[in-house]
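Next, two complexes with chain A in common: one pairs it with chain B, the other with chain C.
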Partner chain A sequence: MTESKQNVFQWFVEVFCKQWVWQKFCVNLVYKKFDKWKGWLYLSPALVLLAIFTIWPIFNTIRMSLLEGYTTMKAVNGQSFAFGIGNFTRVLKYPGFITCLKNTVLLCVLTVPISTFLALLIAVCLNSIKFLNRFLQTVFFLPYVTNSIAIGMVFAAMFNMIIGGSVRPDSVGIVNNVLEALGFNYVNWVNAGSEYWANIVVMTVYIVWNALPFKILILLGGLQSVNKQYYEAAKVDGTSRARTFWRITVPLLSPMLAYVIITGFIGGFKEYSSIVGIFGESMGPVGDAYALDTMVGFIYRAIGNQEGTASAAAIILFFIIFAVTMVNLYVSKKKTHY
Partner chain B sequence: MKVELQNLTKIFPSRNKKENSEVIAVNNFTFEIPDGKLVGLLGPSGCGKSTTLYMISGLQKPTSGKIFFGDEDVTELTPENRGIGLVFQNYALYPHMTVKQNILFPLQNLKGEDKMDKETMLKRAYEAAKLVQIDELMDRKPSELSGGQQQRVAIARALVKMPRVLLLDEPLSNLDARLRLQTREEIRRIQRETGITTVFVTHDQEEAMSISDVIVVMKLGVVQQVGKPQEVYDNPTNLFVAKFLGTPPINVFDGEVKGGKLYLGESAVLDVPGVDDRAVYVGIRPEGFVPAEDGVLEANLSNVEVMGRDVSIVSTHSASLNPVVRSIVDADYKIDRASETVKLNLKPHKVFLFDKETEERIYFEVN
Partner chain C sequence: MSDLNVMQNRDMKKVSAQQKVVKIIVKIMLYAFLITMGIIVLFPFYWMIISSLKTMDEYRLAIPTLIPQYFDFRNYVDVFTSKDLILGRLFLNTLYVGVVSTALSLVITVLSAFAFARLEFKGKDALFALLLATMMIPGELFTITNYQTVNTFGWMKTYTVLIVPFLVSIFYIYLLKQNFMQVPNELYLAAKVDGTSDIKYLWKVMIPLALPTIISITILKMMGSWNSYMWPRLVANDDAHRLITNGLRTAFTDASGVTDIPVQMAAVAVVSTPLFLVFIFLRKYIMKGVSRSGIKG
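And then the complex of A and B:
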């Protein structure tokens, strides 16, 4: 080896190899330590926001619900509160609370099964047609991106019936027009003096319509991932359409169905804006305010003057939703095939 | 039940109207599957073998042509009215049902006079399960079974209705090598025991040859040759069939016939009486070579692979169209590995001549 070559070789060893070893050492040092907390680093933006807007409010709600007669005004003025369950007893003794609970549960029980079944039916139909498939998927998804208050006002107009003149009403919503065309009498759906069942029908129609798009989307996605060969196998075996639906489609969709039902119940127990959308903040037809009050409605009204009561009601609602979800999960575990 | 296919043709229309890209998947397929036989539809991917199977099943409608089961025209019948059992390539077992429920499912679909009471159904299901030896797995879900067991469940589900014809789509392709050997024997046994006319599709020539009574070799929707596996192997009608059957594959050479003799390169290797002077493709099966001192074909030896019972001589030859010439000879022949060349004689009945244009077989008299 000539001298110059040797020099180059030495230089190579010194510069590259040593640097390489050194680098590896440093990188290992930094990375190994970094490894431990880099997961937390990447999570931190979400965690910080969650902590401020979700976790702290939850704990604060629990705290507020357990301080007797807590209001923000009094707290700001430096007043201290005794520890106790007075807020809870006040919620339970409040005469409107039973109405709230009844309305909430009734709407849940009515809307979740209806909307789930309809969504399943529509998803299956959408999945089986080829013509206009994409277009119709978009159409069915539109309600999801529309403001629920706006939809509520449209529904309120559709179900409207204002009787002014003696012979004919001045304003009749499209629903009553259809009823008239079919030979039925007008029904007072949402106006002053309307009956409770009519209000519930309107609310059910509206909530179901509002809940459909999301459910259709989820179920359609599930349907499209089902292997077509199951249907071919069923066809070869001479399975009737109904049996194919109930024995093959529904079980294969059961994970999606479980998800849709559970989130449906959770959403149903938080029903509020849909009622405001149709009846306004009085949450009932004119002259019968709060006839359609719900748990969340109750909580909202208590905010501003009785935060302690509102917190207690929120905690109660939380436990109701928790219990219902537990039941849902328990049932779906038995019926779901993952 | 014999199955008859008459001029069966399936054309898939082109995707868009501007391009004329329609695909003729199956072209004028006429064939009679004898009663109680196991028939293998064999061919490379896209040759229309699966399409043929699906047309027999009724899941796909032929563009033209007719299908008969026995004397009954079933062309217009739906799958469930044809009385077929179909085993899918990936089995298509219902994942949410147990093995028992899967096997019972076709029986529970029966309506009208065919309807059975629960006990009969269970009895039939257990009979089918016993036949494929899965009667101890009846309460498991498909996900808890191995590939081979799933395959058996699929066969049991297809057999439980006592179909007139059993159809298997690539039945062994999802199994590992060992299981494949075992399962193909199993399919053979089940077919023998039940005596059901069975059609199966495969791209694996070894699989088809080993268990079929009759094989049908297809290429691009056209039937190339039909016959007993050994007959097709010994007597291919064209170069495609000769190349497709056999492992290791046939050796193909550029050859020439001059004055009743076949020349490979410079050397005359075989008397081919009755063939006019012309250029030909020459196919020689690996087992068609005999090493000999006075061998007529001299090839450059590149390797000798010992396989125990046999020896595989790998060599090169200027006229060969394959990269190497592979010959399989008895291990008793001692091959000098150090030697540069190897001299080989040919067995005349293992040598096939094919026309250069049409690739059809040119027959000559074997003494």
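And then the complex of A and C:
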């Protein structure tokens, strides 16, 4: 082999190898880089929207809550605001907000236990029958597929009295008709001059009715996955039905129970549209507007004119929901049997 | 010996007969309870329908009739011809917003769920955890700022404002991601070797396999627009863009708060009917979707 030939060969190898390595490098660069970015590319529409409508609001709402007396109008006019917790103290001292807080908590405390217990009872009964099972399941799920404003209007009509010329109203409403048939006196539930406790009863009935389907569905799903052996064992031991219920069914269902109770509380603290359904936007009987206002109602009314206050109220709501959820999780961790 | 046997036998029979009686009584009580509760649950629907078929005079009777004296469909005619509630327009608005937002939302959800389930990129898990964490925050907290944002964008009283802010639901992404992850990864790698593009793979393999979840998401999203109340009222409550629920709440009540209940009930029945139809035909998907979500609408 001559020197020149060897050189050519070396040169060829060198160039070819470099070329090849270079190519591989390029391919790697393009593909690997693209692979790295492909995920972000697919996520981009979601991320852009989330940045604008979810992430930015978190920061901005916190900012507005900490600027005393912040309103968009004043901000547009170039006014500056002092930094501080004035919005929070003002909201917590404002009687209207206290009413909202009281109503919300009261409705939560009333409706969550009642609806959970009723749903558990119905689910257990449904689980132990065969005939009509499918049909009844559908019936109990039906309230879920409704418009809570629309059906709220039906409930309002059922409790509503139509005042006539005489002392006694022309029509006292179907619920009062049933009460009178059972020997009670009729009650002014939702009309002008109705009392607070009566309004709360109406709201409780409606919210429980509305909350049942979801809870029944979840609990029934849980019951169907419970191992039948436990019940066989209880039967062999001659355990009573009540004992079986409290000692086997409830513990085995506890994860689902914890779930429906937590979601129930979260939903309860955000109660709003069911009250609009029954009482309308005035959030109370005629002549007593906002008697049944809730936290969410308070926030919505402050949007567009009192952003600082609204933000502070929303953050308070967040902390309440957060705290209640944490307490629930803590309790359920102690009591749940997996 | 045989005497003892006979006695034992007789006792056994007695016990089993007793058990049978107890069992039957329990069954009767079970059914009585369930049927009573069922009637209570259904009663508002029944009351809505029969009230919508009554005249106001009959509705005012001191002792209400459980079946209308004669079926009067004039209330329904009133609902559709009323100037108080332009039902056709409300229906069209709601349908338009529902269909467009559902379609766009599905595209975004599928792409995002695919990225989270199949693609590898830096910070994926952290990002997903961050997004899940935002689900704990009540929506009202976002609404305050979003109201300002859409105002700045000049979107007030448009269809855009009803559609765009709620296109991304982290919950739906989560739901679909879980479903996508059940598809074995080998399938994706095989498709890659064959040179199938991601989009084609998504369309031909992932979407058909996750179809039940996608149908559930579609129905829940559509129901959501049908039932949405607060956001539309804040940002687009003018005659041209008003949605059905907003129109319904204030209709047929005069300034002093007196309501024409039979006509109102007819309107409620008309608004509720599409939901019931969807429920009857797609019950399986709704119940499946709801049992995994717990989100109303």
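In this section, the second predicted complex is superposed on the first by the 278 of 338 C-alpha atoms of A that agree within 3 Å, B and C clash if a C-alpha of one lies under 4 Å from a C-alpha of the other, contacts with A are read in each partner's own complex, and residues count from 1 in each chain.
Heads up, the rule we're going with is that a contact is a pair of C-beta atoms (placed from the backbone, for glycine too) under 8 Å apart; a residue touches a chain by one contact, two chains touch by 3 or more.
Predicted model only: the values in this text are computed from it and were never measured.
Colleague: Would you check which partner chain A:Tyr186 touches, where first means chain B only, second means chain C only, and both and neither mean what they say?
Modeller: neither
Colleague: More residues of chain A in touch with chain C or with chain B?
Modeller: Partner with more touched residues of chain A: C.
Colleague: Per the contact definition in the header, classify A:Ser254: touching chain B only (first), chain C only (second), both, or neither.
Modeller: Touch status of A:Ser254: first partner only.
Colleague: Quick one: is A:Tyr94 in contact with chain B, with chain C, with both, or with neither? Answer first, second, both or neither.
Modeller: Neither chain B nor chain C is touched by A:Tyr94.
Colleague: Between chain B (first) and chain C (second), which does A:Tyr196 come into contact with in this model arrangement: first, second, both, or neither?
Modeller: Once the two structures are laid over each other on A, A:Tyr196 reaches no partner at all.
Colleague: Counting only touches as set out at the top, which of chain B and chain C does A:Asn227 meet: first, second, both, neither?
Modeller: A:Asn227: touches chain B, not chain C.
Colleague: In the superposed view, which residues of chain A touch chain B and also chain C?
Modeller: The answer is that chain A has no such residue.
Colleague: Report the residues of chain B in contact with chain A in the complex, numbered from low to high.
Modeller: It is residues 57-59, 78-81, 84-86, 88, 90, 92, 94-97, 105-106, 109-111, 157, 161 of chain B that touch chain A.
Colleague: Looking at the complex, which residues from chain A come into contact with chain C?
Modeller: Touch residues, chain A against chain C: 35-40, 42-43, 45-46, 49-50, 52-58, 60-61, 64, 72, 118, 121-122, 125-126, 128-129, 132, 136, 138-151, 153-155, 157-158, 160, 162, 164, 168, 170-172, 174, 177, 192, 209, 212, 214, 217-218, 221, 241, 259, 263, 267, 269-270, 272-273, 276-277, 280-281, 286, 296, 299-300, 303-304, 307, 310-311, 314-315, 317-318, 321-322, 325.
Colleague: Flag every residue of chain C that touches chain A in the complex, lowest number first.
Modeller: Of all residues in chain C, those touching chain A are 26-27, 30-31, 33-35, 37-38, 40-42, 44-45, 47-48, 51, 59-64, 107-109, 111-112, 114-116, 119-122, 124, 127, 131, 134, 136-149, 151, 164-168, 170, 173, 198, 223, 226-227, 229-230, 234, 245, 248-250, 253, 257, 259, 261, 264-265, 268, 271-272, 275-276, 278-279, 283, 286-287, 290-291, 294, 296.
Colleague: Show me the residue ranges of chain A that touch chain B in the complex, using the header's touch definition.
Modeller: Touch list, chain A to chain B: 227, 229-230, 232-233, 235-240, 243, 247-248, 251-252, 254, 337.
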